[in-house]
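Structures incoming, each one as structure tokens.
Look for subunit A in each of the two complexes below; its partner is subunit B in the first and subunit C in the second.
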Partner chain A sequence: MKYPPALSRLSFSWYSENAVATVIFAVLALLPAFLSGYVIYIVPQYLLYGVLAMSLALLWGVAGILSFGQAAFFALGAYAMGLAPHWTSSVDPFYLALLVSLLIGAVLAGVVGYFLFSAGVRDVYFVLVTLALSIMTEQITVSQSDITGGYNGMFIPRAQLSFGGVSLDLSADVPMYYTILPIVIGIYVLLRLVVASRFGKVLVGIRENEDRVLSLGFRTSLYKTAAFALSGAVAGLAGALYGTHASFVSPSLAGVLFSTQVVVWVAIGGRESLLGALLGAVGVAALSNYLTAITPEYWQLVVGIVFVIVIMAFRGGVAGALIRLGSRPPMEPERG
Partner chain B sequence: MAELLRTEGLSKRFRGLVANDAIDFTLQEGEVRCVIGPNGAGKTTFISMVSGHLSPSSGRIVFRGRDVTHTSVPARAQMGIARKFQTPSVFDRLSVYANLELASFGKPASAAERERRIAEALELTRLVELRALPASALSHGQRQWLEVGMLLANRAELLLLDEPTAGMTAEETRATGELIRTLADTHRLSVIIIEHDIAFIRELKAPVTVLHLGRVLMTGPFEAVAQDERVRSVYLGKE
Partner chain C sequence: MQTALSVLVDSMLITFVFALAALGLAIIFGLMGVINMGHGAMLTLGAYFTWFATTKGVPFVAAVLLAAAGVGLIGLLLEHFIIRHFYDRPFETLLLTWGFFLISTELIKIAFGTDLRTVTNPLPGAAHFGSFVLPAYQSVVALISLALIVGLGVMLYRTGLGIKIRALVQNAEVASLLGLNVARAYKLVFVAGSAAAGLAGALISPMLSVDPYIGNIFLVRSFFVVIVGGIGQVLGGTLVGSFLIGGSETFFALFSGQVVAQTIVFMLAILVLRFRPAGVLRAQ
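Moving on to the complex of A and B:
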């Protein structure tokens, strides 16, 4: 005899998130047909912020590990994109930079994570170390000004892609849009599959009750290290694409302020939903951008108030509130 | 019957306090053993050392002929030593099924084998109809069973149960006794149970080891232990 898992209350969010994601990505795919100009320029940048937010959601929402170091991986990815043309290589610098940014993020996060998690560092102590990682990255990019341009930052030419004879000039907004969007969708789908996998389920277990998972025979420090490495790789890749999109990178991209913003996006969007984190980043970044234009003095105050309201009103962010609304069971089971 | 677990001179000192003092303990394969003793006798300390959650100050732990004294908690779980904590330790926000599924990932197995294990655990713990509910919606007793079910889905071979009937109704306690007997008799699992409930221990018809002040006072069948003068004076007499 075997029993199917049965439709659980939790499955509502799984199917509804798929539906919402499909609609949103379809709208985004059609957007350049109806709009042009600034919107088409800026949306890919917001989406890359969204990927950065998803890298944190994987870590914080799924595995319960908060990191203030995501900006460090993002900035290193952007610098890799800026430096790649200077490396002598037979590979196209754009692809090389994407690969290097993935590896830097994965290796740096993997090494840092391995030592911290094996030593039992967790919660606020882990937050502090990742915060230091951001500050160190910022300081190194400032001090190594021969390579990075220091405070002045570094200009990054937009890439000219060529695959099999077809060339694509990414300096125009529409080709850039259609290069970044599929990558963002691909990363989203990949991360959804990771969360639904056996590995993702163990991470959820670690978030819920790490000692129980450990006592079931899982070396949780290795799972946490792998989650952090994957998160670092995704953040690094997003940073590399951001570098070529923005055509510029400066040390503040690695800073504490930007790292904190990532946490705010994810907290507002909903850390337990990858789509929530993605849309939280897009929404808050768009709101900040809009507010800077109309009230340069007070926009941060407005974003701060939104943050406080969302945190106080809905635990789990906007996505968390929507999931609870949708999955309220017809009958609350009676408690014994 | 082959020997499953042996401890030799197992001791644990917390600063000045001797929680376990040179405990020699042997468990055969398929055996159920109750460990009793007044509060502070060192029962939980003992099974925490067997599960790897505490490391001994001195002495040795041998499981299936291998010295596991310094083996980590997950490595011992991989070998089949599984611990049920004193308060139910389950994944509250996950469904009953997801709890068991996660436990089943603990050791390599085919999908069919894991599903069979999960189904078996659901049936034995009487949670089939409740499998889609989050663990937080279960009663206290059902949560205790779910945790035992997780150890089963995890393919444990030695269950260390720390007060599995704590907080249970009389009916739940009786059903727990049946569950443990089934696990031992038909699933060939070995069990060490820490218990306070004398009626439960009597029903279980299992040998009893009495701890007192960190030492083994005696080991024997329930009737012999219940009639022993020393045991009566330190423990049963106070009931």
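Moving on to the complex of A and C:
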């Protein structure tokens, strides 16, 4: 059977993406054996940025829906982690916070998504509403200072986990590392399965031509709502883990600048590849952290210029460019 | 009664400031449909150019005009080298204009620093009517804002150039077949919108402290002003949209904090977007 060019390119990239992902995750799993100190402390934070980036890649790269509000869910997740100890004395607040962050992300995104998508609000209007969502979240967290600590933010104690007789102290860097890494890998695998599923294929169809998918009998608004809800849940969960890792959350985590930073990571990494988005976030965040110490102004300027160049000339970001490089022959028939 | 009157006056002043801030966007987004996420950056640039010129001893009025011209020139460069290649791709223009915001914000930080800057109010006086106060500068800015909107309306509906631009808005393809130079018309509109944004930033600068993110306060509000008023309705839409957004913000701020008021207004704007996507002025 002869596949159309787009599909054969897809299968090629999947095959190689699996190999690259396996190698990267294996290296990450072995990292604490060779390195210690700051690297082991900071890598989980980059990985959680990467999860946030994947939540956007699912939405933007797969379904073609751009959101400027992913940071809102991330920040709400982090606040849930900070507030959970006040809610419960019987259940371990860490698990409760993870659950709540998932639910907040899913429900908020689901409600906003259904409200807009069912009326046919799409494209740039959706971007504006999600941008407003992140501004509103930032302002509400500033104004409710009795609960959230306002501008000054809120300190979050790192969790002490216990299952059975074994207890795990997450205030040390290595246990934290090995708690977050499997979750990140799990989310990556889960999202890959979602993209490969029938649901994921409908989302790709919506990205390519929503009206056609609609006329084939799919209620596209429900599919888009589900994609946004899943994306919100993933972003919320990442935020909760970020909260306990950073031990701190402040309103700027929901703000416009952080929200659009995610868009920059995903665009540079490659919006159509989950791994590209993950590595884009890790790479840009790590470089930012490193270079901001040396040359803060010029580094941000370079990020802006790279972003513009990527949007103008390299639609698929770094991952897209690599895939194109690796699969030149299957690309050729597309001209026909 | 006195309170009601002073709320009304405050609302009117805020309305005109919002309308002024949104005018550049009403031109670029409302007429051309180009999502200019760099609108906030253009306001910021206008404010910084004014601050810079006035500290160098340039009189305020000249500084404002220079700022508008400077931002118009930046708009021309942006349009010529980047935006004009992406008119048929709204997502790309959205992201590229956001890239413009990122770059220009960093350049502002490098050139002018990150400290708060203040532009001296050129008309510090105020007229007192009983218990409420009418600040002189804000009132002049409101009049300028009204004059600009009316002037733009006259230009669009009473001149040959206006007819051409409206033809472009209605159907660019047919307009081009009838001999209109579409590329040049788009360029003209984009530059006009940029200059209007620069002018707005310049005029607003004495009312606020200027920092590199000052324009962002107005970015989403301006979009909502244009959407609520109705896209393409430069004359009435901008005024009605500003009145609904600015007026309701002033109104809700009476009962709750400023922040809560803005959140409510954003939610109302989202409701309008959902239920009346063509704006409040236009029939379904």
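We adopt the following convention: the second predicted complex is superposed on the first by the 317 of 336 C-alpha atoms of A that agree within 3 Å, B and C clash if a C-alpha of one lies under 4 Å from a C-alpha of the other, contacts with A are read in each partner's own complex, and residues count from 1 in each chain.
FYI, a residue touches a chain if its C-beta (ideal position, glycine included) is under 8 Å from a C-beta of that chain, and two chains touch if they have at least 3 such contacts.
From a predicted model like this one, the values you see are computed outputs, not experimental measurements.
Of the two partner chains placed around the shared chain by superposition, subunit B is the only one that A:209 touches, whereas subunit C remains out of contact. When subunit A is checked against subunit B and against subunit C, the one touching more of its residues turns out to be C. Of the two partner chains placed around the shared chain by superposition, neither subunit B nor subunit C is touched by A:174. Touch criterion not met for A:196: it reaches neither subunit B nor subunit C.
Once the two complexes are overlaid on the shared chain, A:91 sits clear of subunit B and of subunit C alike. In the superposed pair of complexes, A:139 makes contact with subunit C only, with no contact to subunit B.
Contact with subunit B, but none with subunit C, is seen for A:218 once the two complexes are overlaid on the shared chain. In the superposition on chain A, the residues of subunit A contacted by subunit B and by subunit C do not overlap at all. Those residues of subunit A that touch subunit B in the shared complex are 1-3, 5-10, 198, 201-202, 204-205, 208-209, 211-220, 333, 335-336. Every residue of subunit B that touches subunit A in the complex is listed here, in rising order: 51, 53, 72-75, 77-78, 82-83, 85, 89-95, 97-98, 101-103, 105-107, 115-116, 118-119, 122-123, 128, 131-134, 137-142, 150, 154. Touching subunit A in their complex are the following residues of subunit C: 35, 82, 85-86, 90-92, 94-96, 98-100, 102-103, 106-107, 109-110, 213, 216, 220, 223-224, 227, 257, 259-260, 262-263, 266-267, 269-270, 273-275, 277.
Here subunit A touches subunit C in the complex through residues 66, 115-116, 119-121, 123-125, 127-129, 131-132, 135-136, 139-140, 142-143, 256-257, 260, 263-264, 267, 297-298, 300-301, 303-305, 307-308, 311-312, going by the rule given at the top.
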